Amino acid sequence: MTDDNNHPVLIIGGGISGIVCALELNRIGVPVTLIEKEASLGGLAARFCCKASEACNKCFACVVDKKLKEINEQSQIPQLTGTEITGVAGGPGNYKVSLTKAGKVSELAAAAIVVAAGVDPYDASGKGEYGYGVIKNVVTARDLEEMLRFQGKIYRPSDGKLPQSIAFIQCVGSRDESIGNLYCSQVCCAYALRLIRTIRHKYPEVNATFLYMDIQPAGASFHDFLNACRADQGIRFIRSIPSKVYHSPVTEDLRVRLADMERGEVVEEPFDMVVLSVGMVLKKETKTLANLLGLGLNEEGFLAAPAPGKGIFVTGACAGPKDIDRSVTQAKSTAALVHNYLNGR
Amino acid sequence: MYQTVYESKTTAPAPIHLKPEVLIIGGGIVGMTVARELAREGVQVVIAEKGETLGGGAGDLRFFYDRPADVRKWMGELISALEGEGNIHVLKGAKLKRLDGQLGRFQALISTGDGKERTLSPSAVVVATGCITLPAEAMGDGSGCIGSSEMEKLLAESRDLPLAWKGQPLKTVTFILDLTNDDIKIHTVNAIKQAVILQEKGCRVAVVARDLKVSASGMERLYRRAREKGVLFFKYDDPPVVSRSGGGISVEVQDMSVLRKEERETVSLPSDLLVIGETFAADPETLELCRVMKLRAGADGALMGDNPQLLRVMSNRRGIFLAGACRFPQVITESLSEAHAVVQEVKALFHGGAYVPANPVAEVDPLKCAVCYTCVRLCPHAAIGVERYGERNVYSAPAEKDGDTLWGAARVDTAACFGCGICVAECPAKAITLYQ
Amino acid sequence: MSTFEPKIVAFCCEQSGFPAAEMAKTLKLKMPDNLELVPVPCSGRIETLYLLKALESGADGVVVFACYEENCKYMQGNVRLKSRVGYAKQIMTKIGLEQERLEIFHVATNSGVKFSEFLMQKADQLRLLGPNLGKMA
């Protein structure tokens, strides 16, 4: 499907996947327009903190900042922020997309569409037993990331003090049939361990307990990283997902109820703070977008691969959970495939 | 007020013409995918495969874990697609002996199985050499214990037949995971995939693992399906004990599903066959290739490691790309994603037909150079070489045998320089300057 | 003495330190008053001579912001820097300059808060140490 009119490729979503795809298509001379619902680019990953301890822990959060800087320097790529899609008409090779920004409606003709809409962290209040939103000192990993990124420190929301003991509860919202999320979000084990390492590097007196089902690997050097975590005396690994988090309304201290196989009994352990390692879910708005574009959802509840020849491509976490590293690789790969499509291959 | 670390030059470095020719080392699924895609762009591709057949490490696979297609058939289609492409030339039994030059004008000396040697001059090189698998560690005397690729073969060959192993009906199989390579998902993926097939054929299957690595698309559901079909899963902290008794193998593992320690039993799993994943290791030939190509190998031989500044498929040298299991053993979908990412990088490189250095470039003042080789050795991007200058110079030492006063000096290749300035800092004679 | 504001020269690696400085600026974080930023393409570009020259020409303290290990765009630049800083510190000991006047600090592209916090701490530290007696300016 050759694009005779030189219409741009529309990239929906200005997170890391959308940004990399836009940069890559721009490098090979394909005109693109990037649209982003929020007021600025960056998406979810732009709010992550650097999780280095003595050395880099390969969390790839800095990559997002770099790519953001890169796209800011490419001012010739149209980047429409605060813009949403309200309608899609036309067909392969010539889509007519209706956009709205601050009430103003406009139309854009697109030769192809790339959906890089990203994901939302699972809303932890859905797991009522952990008390997120009710118990002050229960936070999500995302809250922790933002504390570290924008304030450079961690603290208990109730009194602003440094927590001496933190429990990290894994698989919140993932691998959980009771809420219908029967998939592994793939990034949580790695990000939680990296957060623990970076926190303990800054505050060596803080102890962490890692409560998990199965430890999922991430990246090429995970073996050494995991060994370093296991060797760290301040990190306790307990293979057990807790059933409930209790709190004292007076001190806001917490107790976590879990079955400890090591001790062979159900215990209620005290902690100063609990961090819920939330997984990924598709955004509700993306489901609406999927309907507009005629995209289905796969078994896991993420965007299914569109039929070839439609000129619609799906990339990044909205296609299935993945970390920043793989999102970048997939975005580059998608750019190559879009280019093929535009040249009739 | 910024102190200048760059000097400015009025003449820009000349653009380096890039003819659309690429050398791909490795004819596995990654090498073949990159070749096919680039060939369609009109790029002349040469695949240098060290073996006699294409297919690489994935050649052992028969079943995908996430779709019902047959791997062999898919692979066959991939190979015949290559043969139909006029732009692809496949060299078999090929080894890269030497790589000189830089982006745009590499000189690759390749020896082929027929004893001949040829020189190719690609603009860019792709390394897709994969990794090797070491045989599964023998448990006991080795019999009754096979690797996952043998199990793959067994399952493929007994599609419509009852399962048998060495003439005996196969009734019980136990998979033991995570004895090696605890950061690679492939073992878990293959084990659960095979366990489901075995259980469907009436076998009693048990999977013993430290951590179930379901962090790949669709794996949690596959795991669930396996449990629904009756596959038993056991997790361990200490590796299970394998013993032989009465002609069979027995795997002993603690039943961690029971909370109270007193009530916990050691479960004995009698097994006709034990399946242990082969160990993935870096191919020593790939490491040798790194030396020839001046690429950096990370820890354990995984090329480039995970440097976030570099991102996947890039290497420390401009114009050389890496993808697939040689970087890190991955499931097929991820390897192919890297293959397409390489295609994108090559497309971007060739777009415009020439490379124009965008970053500051270092330049050696040949008059000051003492040819100490410091910069050559420590350039992270292998961008510096020592060349002979043909002009007469009274300060020179005589050349080897010529009698001509040829003298040498280090020279930075503008196409390969990344502008880091490390050579500038290290040169004892301060002979190098960074130019904007 | 009470109005002494230490002059800090911060060599910033363009891959990490400089973006961190920009992030600190965007977030409007506090920075020491008498601060001079010197961007370099890689911390490995910084020669021992620059560090000592900076101290000689009027800096009360020199800080190098470098990437974390295994995060250097040019592989080992930050490792090379470490040995050069070590050499500079040896020389500083010989001529009687305090060790605190030269320090490496590892940051990433998005370490705006760490950047600002470290510089403020360094400024406090240098204020207590007093002016650099080794300067020629």
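Just so it is clear, A, B and C label the chains in written order, and each chain counts residues from 1 on its own.
Here is the rule we go by: contacts are C-beta pairs under 8 Å (C-beta built on N, C-alpha and C of every residue); 3 or more make two chains touch, one makes a residue touch a chain.
No experiment lies behind these values; they were computed from the predicted model shown.
*Asks:* Of all chains present, which has the mean Cα position farthest from that of subunit A?
*Replies:* C
*Asks:* Can you check which chain pair, A-B or B-C, has more C-beta pairs in contact?
*Replies:* A-B is joined by more C-beta pairs in contact.
*Asks:* Return the distance between the CA-based centres of subunit A and subunit C, expressed in whole Å.
*Replies:* So the centroids are 34 Å from each other.
*Asks:* What is the distance, in whole Å, between the centres of subunit A and subunit B, each centre taken as the mean of its C-alpha atoms?
*Replies:* That pair's centroid distance is 27 Å.
*Asks:* What whole-number Å value describes the gap between the mean CA coordinates of subunit B and subunit C?
*Replies:* 39
*Asks:* Indicate the residues of subunit A shared as contacts by at least two other chains.
*Replies:* 56, 58, 62, 221
*Asks:* Give me the residue numbers in subunit C that touch at least two other chains, ranges are fine.
*Replies:* If we look for residues of subunit C contacting two or more partner chains, we find 15, 67, 70-71.
*Asks:* Note the residues in subunit B that touch 2 or more other chains, in rising order.
*Replies:* Counting only residues that touch two or more other chains, subunit B contributes 305-309.
*Asks:* Which residues of subunit A touch subunit B in their complex?
*Replies:* 24, 27-29, 56, 58-60, 62-63, 175, 177, 182-184, 186, 189, 214-224, 226, 239, 259, 261, 264-266, 299-300, 320-321, 325-326, 328-330, 332-337, 339-340, 345
*Asks:* Which of the residues in subunit B come into contact with subunit A in the complex?
*Replies:* 37, 40, 182-185, 211-221, 224, 235, 237, 256, 259-262, 264, 298-300, 302, 305-309, 311-313, 327-328, 334, 336-341, 343-345, 347-348, 351-352
*Asks:* Would you pull the subunit A residues touching subunit C in the complex into a rising list?
*Replies:* 48-50, 52, 54-56, 58, 61-62, 64-66, 69, 148-152, 221
*Asks:* Okay, in this complex, where on subunit C does subunit B touch?
*Replies:* By the definition above, subunit C touches subunit B via 15, 36-42, 44-47, 67, 70-77, 80, 84.
*Asks:* Which residues of subunit C touch subunit A once you look at their complex with the stated criterion?
*Replies:* 15-16, 19, 23, 27, 67-71, 106-111, 113-114, 117
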